[in-house]
Amino acid sequence: MTLLAERTTATAADELEGADVGVLPVGSTEQHGPALALGMDHLAAEAFARSAIDREDSVVLPTIPVGVSAHHRQFDGTLYVSPETFERYVTETIASLAEHGVRKVVVVNGHGGNTGALRRAARTLRDDRTAFAPPWNWWDSVEDVADDLFDEAGGHADAMESSLLWHLHADLVDADELAAAEDGASDGWGESVHGAALGFDTIDFSESGAVGRPTQADPEKGAQVFEAARDQLHALLDWLADRPIDDCWPRDHE
Amino acid sequence: MTLLAERTTATAADELEGADVGVLPVGSTEQHGPALALGMDHLAAEAFARSAIDREDSVVLPTIPVGVSAHHRQFDGTLYVSPETFERYVTETIASLAEHGVRKVVVVNGHGGNTGALRRAARTLRDDRTAFAPPWNWWDSVEDVADDLFDEAGGHADAMESSLLWHLHADLVDADELAAAEDGASDGWGESVHGAALGFDTIDFSESGAVGRPTQADPEKGAQVFEAARDQLHALLDWLADRPIDDCWPRDHE
Amino acid sequence: MTLLAERTTATAADELEGADVGVLPVGSTEQHGPALALGMDHLAAEAFARSAIDREDSVVLPTIPVGVSAHHRQFDGTLYVSPETFERYVTETIASLAEHGVRKVVVVNGHGGNTGALRRAARTLRDDRTAFAPPWNWWDSVEDVADDLFDEAGGHADAMESSLLWHLHADLVDADELAAAEDGASDGWGESVHGAALGFDTIDFSESGAVGRPTQADPEKGAQVFEAARDQLHALLDWLADRPIDDCWPRDHE
Amino acid sequence: MTLLAERTTATAADELEGADVGVLPVGSTEQHGPALALGMDHLAAEAFARSAIDREDSVVLPTIPVGVSAHHRQFDGTLYVSPETFERYVTETIASLAEHGVRKVVVVNGHGGNTGALRRAARTLRDDRTAFAPPWNWWDSVEDVADDLFDEAGGHADAMESSLLWHLHADLVDADELAAAEDGASDGWGESVHGAALGFDTIDFSESGAVGRPTQADPEKGAQVFEAARDQLHALLDWLADRPIDDCWPRDHE
Amino acid sequence: MTLLAERTTATAADELEGADVGVLPVGSTEQHGPALALGMDHLAAEAFARSAIDREDSVVLPTIPVGVSAHHRQFDGTLYVSPETFERYVTETIASLAEHGVRKVVVVNGHGGNTGALRRAARTLRDDRTAFAPPWNWWDSVEDVADDLFDEAGGHADAMESSLLWHLHADLVDADELAAAEDGASDGWGESVHGAALGFDTIDFSESGAVGRPTQADPEKGAQVFEAARDQLHALLDWLADRPIDDCWPRDHE
Amino acid sequence: MTLLAERTTATAADELEGADVGVLPVGSTEQHGPALALGMDHLAAEAFARSAIDREDSVVLPTIPVGVSAHHRQFDGTLYVSPETFERYVTETIASLAEHGVRKVVVVNGHGGNTGALRRAARTLRDDRTAFAPPWNWWDSVEDVADDLFDEAGGHADAMESSLLWHLHADLVDADELAAAEDGASDGWGESVHGAALGFDTIDFSESGAVGRPTQADPEKGAQVFEAARDQLHALLDWLADRPIDDCWPRDHE
């Protein structure tokens, strides 16, 4: 199917009837260090989601571009909404899709900071039996690939993200700045003090806004990451399309 | 300036310092009758907003694609969020931009149903002295042009909207369906019974989902509409860029 | 029926059983320029609503006197609540009436600023199948009469409102101040800049608080306006009393 | 001063400048047994509030007619809003008055069920230093008088309320029904089981909706109650008018 | 049954099946004058609740230790949450218990300031037919005993509370400070000015934070209070265990 | 210091003046498989928090016993509140402590499901400059110890939790059921399908409610875990006590 937004209501009717799964890309517009474009996360989510355009069993929704990014707010250009507002925006969008009969959805997520809100949205929709809408974080699906390709404990604007964007939109990577990104990067996300996770804002632990080893980025590696994650997404869509909706709802205790 | 999302935090810093006005496109994904794509409203908003990319004094934000469209929900493919959620999503996005020093914003709106929420958002942001962010509805800026070009009391998926989309994205207009759109269209928005505005849902008064005379659509007219409205938007941006922020805040009574 | 508030629970029981339609007057207490009393809007709504006291098919509720008037707050004496609070107060009042079996209501509204909140209240009540409660703005029902009687593009404390109050409560019009009202009035509501509706507060565009041509006011014209609008209201009550409740709920798409 | 709603913004300006105290009548529209009108509580509040019209130091606001009455909902004609909605409506109305410089307010309350919400409203307004707005329940001010006049442990539609309404609005008391009211009345409010206050709804413990001894009602006694309570109210207004606003705010601990 | 928290899910299953009534202790952590520990109210509630551990028909929940105490905030050590937050915390805890089949609950309350929120919680749970959960204030159950033992019009950190804590936890009473507590105590709760209840904060009317005659405290009297109130609680549990749940829900009007 | 709740307001005043850090234990009451008591998480938090009683620089608050546990609700005895309610209860409790001058707090957390809400609470308190209140999850502080002692990828009612409870409260471990717990346990938390984290409810992936290898539990190991984590907590308290509050607030971007 094409993008839902490119259908008329007349042609959408047929497609929605046949669709088993909705695909909702969500991301953020936030700092990704000096080398990557602010749109990294929603552009990545959009690219993965649009890989499903040709699937007969899927319908691809518009991209939600601003997410839970207050922790990046000290860096120029970061936009953000509160976790509760983001959760509501996503929950209600999915609920409106469900009114048209598509009650299984994959939320293709490009931003780690969205995860908590997306989990709460998915729980609410499931508990109400409105929709089954688990979030899918692309990086969680390719941990093995990442271990092979990169020598970093990354997390933000790292070699993996940089490679992916380089592959998807080479013009949105300022390769000359990857060294600066790495110079100011932290080795890992946040800051742990005797077991307490501090690092509430990125600026607390990273000067450049990056976390990881951006200089290891390479568009070829980005292509490998993209393909691997895309394949995982399609496997997930296959799995979910086949899963009866009644198996998706909360179980009772016997 | 390019799109904000295509800037890195480093290059955004410079641009934001120079920017006088933010431009936030918002729309909807909702039925526009059998001839127009569901994305009509956010695509139109996006097109107008992106006409400002080359302005040095403006910064263009990502498009918010789902709006206040519950009244179209009976037609296939319509997505929607509640007025309050939409209001919050927009308010918080603008407030986050204001933290970077851009406190004057034009909200380029493609969907009439969003207007109430956008007015409330603008009022809140202004009363708090966070930002001055009036909504700009493209159709309100070209009433004279519309009167010249079209013989309709339109309002939704009408000849004016159809023409505009035809101009912007010819592939998203199913011209063969314009007649069907008009056959099932109402002559005006809603339904008035002895002064009471009924017509809470579009389906209450329109069979096709359209309101107006879609068969009068023509891509050339769409080009005229686009150019006229775009010129108005740029005049507004000029005006707002020059207006001191202190003149934007609420006045006291003398 | 008399006013609901003047019934005992015992006599209300009978009347409510026979009533087809509730009538809820709502208005505001806000500046209406130097010549008109602050209570203009709730007094007008009350007058129209009370014209239905003798109808067997209607029950008249108490008047809600404070509304959505923040935009008049810089003028002395204006009271206001937020749109959300007003919406909730009205919604819950109507829902409590519906528990007694009266599920069709006309909200007789005297203040334009209340309209958005009343539309949202009506939508919620209808979507929940609690009640069908459209707002009726008295001025919307007499546009033709207004065009005949007055030469103004009014909107607030204008000749039409002034005339109506003069007719209803001559002691609440300070006729000596009508000239001052007009001197400081704007010609139309708000301020449009290249298609953007500015004028968030009345003080942004009117020095006296009035909009229109108050000096054209005349109590005889007020009587004509009152009678014409009252007739429209009663026609609406007739229509709604006869309408089956099942025809009032949202339609499904076929 | 006259009622605020009967002033124009021009004449209100002078009066508000001179006013020391606002007077806001609030009540309910709810069952008061078979003999008393549903408006009892807001009519009583209104009568007390309007006794202050001639005071130079006071400004009388419009009456808020629907309150926290869900516990009477099983009796015909009862209207109600939630405690939170009522609290917000009152809080915001008072805050808007405070913008005009009147920051001391007596909330003249006619309904016991409103008290919790009014106390929370007063606390919020005081803690924010917006206004000092204690509720005044008329019956709390005349306990001694009540003990002298009536032999009852009343609480609702009892002899004291019946007498007061008989005095204020004789046409709104159905004296023939006082016996029926008493036959079905409970002796005291609610129901206590081993120290737990049950009786969540009036219908749980009273068949007629009344609590107390309505047959002891008498308009002369009503006049005595009215005068005694009115005198208390005016003494309170004197006291509050003289009290410096800085003495009204929360104290710090030394 | 032991405390619920000391059961495993396996042994809880059996006990919950047999349990008729839940017992939820709630209190506060707030100033109780110079002689009593801050935990007075939750410790008292806990002691009463735990007296039900051996009852086969009851299940005792964990103690909620922080309540509605903003009015004590000027005194050192007082903790508090807002009425709405407390109401929600209690409501949701009880609703989760009800999912396991225990739908009758006594909320054993140690703090007067919690009462309004607990009543609203109980009303909501009852109206939704989720649970019947009346609050039980221990002091309300022993008014006669208090009249016999103490010569005070107390209310806070008074002789009755002091005696009870002395009985329950002698180490948490600083008997040397009882005289100081009484020196700075008020004779009654709050402050009434011409019928208006002022005294929003305890510090408005009590220097020591106490209200009443703490020097009358005596651990033997505390034992009498405890035993009398405990007996009342158990009588209430007997009564509620036997009451059919269908008799607990709101009645309709006939 | 002793527990705050065991202090009077008089003695609390001195202690609070000297205190640098508040310690707030929070947990849950929820299923921990057939072998462990439902109170596991709040009892563990309480034990760690109370290890700080003798520190001069710390003040220990009461334990909040019910948390974010909806995902365990199908297992008998689980209590829960919503994430938002829990977040508010914790946020407001800490804010009330901050009014007494203690603005650095360690939230000692015993339940993983609380973490998201606690992070949001900490962020809000920090952004408002009310308090710096990071959560400390005891298990996060002893990952190395756990790796040495246990051969499991646990997460809930696993060998580590079982050992700890066995050490703290031997009577609350039903050692005979550890085998049953393990038989029905999953090997890891949740369920990952092609990168999507499913497993919204524990019952989706664990029959017994446990995750890990409970049969490896041993009270001696529990002692080691307790001591190691306690030492980490005290090191954190030392660090936070010394940290200037101004270093705790969000940084600006240079």
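All chains are identified by letter, namely A, B, C, D, E and F, in their written order; residue positions are counted from 1 within each chain.
Going forward, contacts are C-beta pairs under 8 Å (C-beta built on N, C-alpha and C of every residue); 3 or more make two chains touch, one makes a residue touch a chain.
To keep track of the chains, here are their UniProt names: A, B, C, D, E, F = Creatininase family protein.
The structure presented is a predicted model; accordingly, all values stated were derived computationally and were not measured.
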Sharing over half of the contact pairs with C-D by residue number is what counts; pick that pair out of E-F, A-F or B-C.
E-F
Counting only Cα atoms for the centres, state how far subunit B (Creatininase family protein) is from subunit F (Creatininase family protein) in Å.
48
Whole-Å gap between the CA centroids of subunit D (Creatininase family protein) and subunit E (Creatininase family protein)
29
Numbers and ranges of subunit D (Creatininase family protein) residues touching at least 2 other chains
70, 75-76
Examine which chains touch each other and state the graph shape they make (line, ring, star, complete, other).
ring
Footprint of subunit D (Creatininase family protein) on subunit E (Creatininase family protein) - complex, ascending
70-71, 74-76, 83-84, 106, 116, 119-120, 122-123, 126-127, 134-138, 140-142, 192-198, 200-201, 203-204, 229, 232-233, 235-236, 239, 250-253
Which residues of subunit D (Creatininase family protein) touch subunit C (Creatininase family protein) once you look at their complex with the stated criterion?
3-13, 16, 29, 31-39, 42-43, 61-66, 69-70, 73, 75-82, 85-86, 88-89, 92-93, 96-97, 99-100, 171-172, 174, 177, 209
